[in-house]
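Structures follow.
Each of the next two complexes has chain A plus one more chain, namely chain B in the first and chain C in the second.
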Partner chain A sequence: MPKQPLLEINELKTHFHTERGRVTAVDGVTFHVNEGEILGVVGESGCGKSVTSQSILRLFDEKRLAQYDGEIKLKGTNLLELSDEKMQSIRGNDIAMIFQDPLSSLNPVFTIGHQIAESILLHQNVSKKEAYEKAVEMLRLTGIPAPEKRVKEYPHELSGGMRQRVMIAIALSCEPQLLIADEPTTALDVTIQAQILDLIVEINKKLNMGVIFITHDLGVVAEICTRVVVMYLGQIVEEANVVDVFENPLHPYTRGLMKSVPQIDGDRSEKLHVIEGTVPALDNIPKGCRFATRCPFADELCVEKVPELREFKNGQKARCWHAEKIAEEDQEREDQYV
Partner chain B sequence: MGTVESNVGLTSVKQKLKKEQRQLFFKRLISNKLMVTGGMTILFLMIVTLIGPFLVSHDPYEMVVQDRLQAPSAEHLLGTDEFGRDLLSRIIHGSKVTMGVGFSVAAITSLLGMIIGLYASYYRFLDHILMRICDGLMSIPAILLGIALMAALGPNTKNVIIALSIVFTPHVARVIRSAAIVVREQTYIEAMKAQGASTWRIIWGHMMPNTISPLVVQATFIFADAIITEAALSFLGAGVPAPDPSWGNILYDGKLVIFNAWWMTVFPGIMIVLSVLGLNLLGDGLRDLIDPHTNQGKK
Partner chain C sequence: MFNYIIKRILSLIPVLFIVSIAIFLLIHITPGDPASIILGIDASQEQIDELRQQLGLDLPVYEQYIRWILGVFQGDFGTSYFSNEPVTTSIIEHLKPTISLAILAQIITIIIAIPLGIAAANRRGTVADQSIMGVSLLGMSIPSFLLGLFLILFFGVKLGWLPVAGYQPLEAGFFTHLKYLIMPAISLGAIQAALVARMTRTSMLEVLNTNYIKTAQAKGVKNRSIVYKHALRNAFLPILTVIGQTFGILIAGAVVTETIFNIPGIGQLIINSVERRDYAVIQGVVLFVTLSYVFINLVIDLLYGLIDPRVRLDND
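Presenting the complex of A and B:
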């Protein structure tokens, strides 16, 4: 029996009103997250990962700056149709978010206990004392030693990793169904990174919570995610199980990303693979395939016509005219080696 | 087990560190001699203002015509004015008016400036409207605007406070706005929004506490400015009306008899200088204490 998706995003578009006119940062994104699943969202800087995640919570100023189209359904309710008050009660309570920079995600003038308790008091009808006790409990859950003492400390007294744990404690304090982690480990060093990842996986299993994990680190994706969405310039270019993405990526962009990962046992004299060029500006989007300007497989068809997201075996989806050809080539090369 | 023990060790080390930090802060506080001097002066003036009126022997309003314009003596420590009123008790009662006006103006402008500054920083469309109004008010010299407002409102102490609050609120609003704009862009504000906090809570619960320190500094300077502007208004006859004593209108009275009775201009003048100097030294010190960039050059 297929699981009911926790979050379904259909043709989400996020437009921004800027001085240079209307810009569409997220352009028709469709994906879903199941309960208890960790979905990886991958892409280079400026591809719309963060905008997508913040659109889910409707964090942009809708009066002046942003406009959303499409559907974001959390267990059947379309978040884009909710009133501001309803949306406020969803934020933090049903969907919580962890940010990239733990050093500036906590208010310097309050103790961390105060800040965790505040989030609890926002959504739950409990006394201040109970909220504080819960705060201690949440800190213990995130593996902070001596939480009874830590709650009285200010953010500047904690290290980056500790602060990210506090952020996770705040995010989990109301037991959300969905956690959005926006590059939560990017600002941390590698050992702390591993601890935080372990923590997220552990909590994901313990609470059966859906997680959207946004990152540009493919190693992390391989480590913790079950499914992966690859984004390029505001669109999804590939969606697949984590194994398929790594074993036979269908989109040239995904292949480029894979090749750009340095191999620890590889030939060190070999230069690291680089995807040529940069992401085009949002107000200067190519007419055909958005990746055509940087793609080694691009031909006239790619420049002229926009490819659709097509489904292949194992539910793998890719937005490329030449996906079959690429897959065949891969197959041939593998055969040669055998 | 090991971690538990090391945690206990860690906390005691931390407590020690905190104690040291507190000591260090205190040391830095008193190492700034000018600020301590300013603070002591203000403290002294506050005490004079609060308990002085109960200690003076003469009624500040009682006119004894045969004693008019007496030089300082044992009976009248600072002499008497042209109506034979005791100058010392007039100055001490005047400090109630002057310091009261200064303090009220500092408090009211802080509150209003805070509200205006915070909302202007959060809502862009309000920003344009409120800041243009502030620009307009700030483009007129404080004294001129004060005189105009006093002319419109009529002379009494309450109106002096209202007029000066209108004059100085834009200054506070500007400072708060610039501090709040920085805070608004911090991730923790976005994180609070993502946690489901209302706009009210974000503005008052999270942005406001981060603007307190620049506000305290600014309020100290406004206090000083208000004292000097009140004195100027009273000196020009547009401030606190007679017979209520204020340092400014004692000066005004003294102006007419400056060649016969120097004490009537010198003593209120000294009080104004002391209070304004004290407040400015305190404000400078507080600013240095809060802003680490200006610290290093000092030592």
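Presenting the complex of A and C:
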């Protein structure tokens, strides 16, 4: 019996009530995160990565906008059954989150010290003075120079990279067990990206904290994640170890994503691979396999019947009728080269 | 900050200069002669000419202007042709009721509008939201004089709780003062409240959708605190702008309401002096109103800095 995972998501569904009726943005997602593990969640824009991550914290307005189904268990406690008050005590304390755009994720009218200390004051029984001291300490931990001076500054006085560090400082201020990072480096330039990634990995090791790292950047996934979940149109289409995903992708969508990454030693006259078409709208979901409209392998079976997520060797899972065939073809091609 | 205020005050000079020329010309090209109005229809031409000479109205327009503007620079706005009172005195005299009325109307506006706007934003799309917005639409559509008349009819005539019209200064006691002002203040405040409530709702909705509100939620901040601390302060800038504008309107434009409720304020002063072609008073009042507009805007701009650090001006 393996030990209990830190976070266990079972058949999570997130529905939204919209003017065009109810849409299901996340449709039956199941995955888990272990302690100290960095799980990558990959997919195009609009495939439900961010909705999944925000559903974990129940950030959508359940009174009017959203409805959740399924289970989200943090160390055995189902978060979807908790009261609002209980949930508030988990947000920022047990599970913290950093967002995509650090420029707009900090409140412009409060000092950064105030914003870090607020989180500490909410979840820990400390005085204001202690909270501010902790805020300075957190800024130092995230590598911000002259933190004593910076705490008194406002977000607009900091650069994008600095602001993302502040976001990380806020997220880590209560030493969460799980950090959800929703494309934390997308809005930053490359050198800053690398620094922020290093910081997240370092803290993950230091605090043995689980991380869900949402991104569409496969390079980042290869660099820091141990396991990967690939999402398409609100569902998981593939789940595997990071090595298997890169060496032996089973789902055509994953293969497409891999091929869309430019290779530095590749032929430059060759056009970069694109996955044809766009993600269908949520109120227009294909009847069979959701990827069938864009899949080069799709046949009648795919259009007609919905494939289940099936398990292959090494615990690799894929939602495709033709996964075996695709794997075989890959094998043959490789054999030819040898 | 101090430099900024000085700069702003200096930039007032050209504005006031242009306004003064505009008022002056406007008044002097409108038909009607103060001298003949003062003396009545029976006056002979000689009498009229004599009075015109006394008042300086026989001089060329530019000379009249120069005389007047030089006086203004020395704080002398001229003397009323009718009451022989200095214009400054009658402005101050009439300003008291107007200011009282404006402040009371503004307080009523803020107390009603901001909580309603916030409530509507928090419950957007619900029946509560729609009813608040419906009522505010009604409030915006009812002319204040009509609302004033309804109030008089109901509270003044039918119930007899409040005086139908008139004004008692603050010296007559705070509650007496209030009793006379409450109905005009409500009828003035209703329109403004409707405006401010809509502005509050829109502004709050916008802020509640921002990423930093999501961050606050993700930190575990309680809903109340998200709305009143994180969102309201950010949403307040446009609300403040509207409040500033309405306050300007209340000072300058309570003409109709003051007439209905017979309050001896700035509005009445303007009407009377226009009727009598009392040039000195009209010029003085308009210049004063301009001044107060600019001043209110300055105060609002300074308040911006207080609320939002991004517009703080201490660095320049």
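Definition applied: the second predicted complex is superposed on the first by the 336 of 338 C-alpha atoms of A that agree within 3 Å, B and C clash if a C-alpha of one lies under 4 Å from a C-alpha of the other, contacts with A are read in each partner's own complex, and residues count from 1 in each chain.
Everything that follows uses one rule, which is that contacts are C-beta pairs under 8 Å (C-beta built on N, C-alpha and C of every residue); 3 or more make two chains touch, one makes a residue touch a chain.
Worth saying up front: this structure is predicted, and the values here are computed from it rather than measured.
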Practice problem: Could you check whether chain B and chain C clash or fit when both are placed on chain A? | Solution: clash
Practice problem: Based on the superposed arrangement, let me know which partner A:V42 touches: chain B (first), chain C (second), both, or neither? | Solution: neither
Self-check item: First, second, both or neither for A:S119, with chain B first and chain C second
Solution: both
Exercise. Kindly classify A:I326 by the partners it touches after superposition: chain B alone (first), chain C alone (second), both, or neither?
Key: neither
Practice problem: Have a look at where A:P145 lands relative to chain B and chain C in the superposition and call it first, second, both or neither. | Solution: first
Quiz prompt | First, second, both or neither for A:H156, with chain B first and chain C second | solution = second
Quiz item: Touching A:I170 in the superposition: chain B (first), chain C (second), both, neither?
Solution: both
Practice problem: Give one of first, second, both or neither to describe whether A:L197 is in contact with chain B, with chain C, with both, or with none. | Solution: neither
Exercise. Could you tell me if A:M97 is touching chain B, chain C, both of them or neither one (first, second, both, neither)?
Key: both
Practice problem: Select, from 2-10, 38-46 or 56-64, the region of chain C that bumps into chain B once both structures are placed on the shared chain. | Solution: 2-10
Quiz item: Intersection of chain A residues contacting chain B with those contacting chain C?
Solution: 57, 59, 64, 88-93, 96-97, 99, 101, 104-109, 118-119, 122-123, 167, 170
Exercise. Give every residue of chain B touching chain A within the complex, in rising order.
Key: 3, 7, 10-11, 14, 124-125, 186-188, 190-198, 201, 205-206, 209-210
Self-check item: Residues of chain A defined as touching chain B within the complex
Solution: 57, 59, 64, 88-93, 96-97, 99-101, 104-110, 118-119, 122-123, 145-146, 149, 157, 167, 170-171
Practice problem: Give every residue of chain A touching chain C within the complex, in rising order. | Solution: 54, 57, 59, 64, 84, 88-93, 96-97, 99, 101, 104-109, 118-119, 122-123, 154, 156, 167, 170
Quiz prompt | List of chain C residues in touch with chain A within their complex | solution = 124-126, 210-212, 214-223, 230, 233-234, 307-310
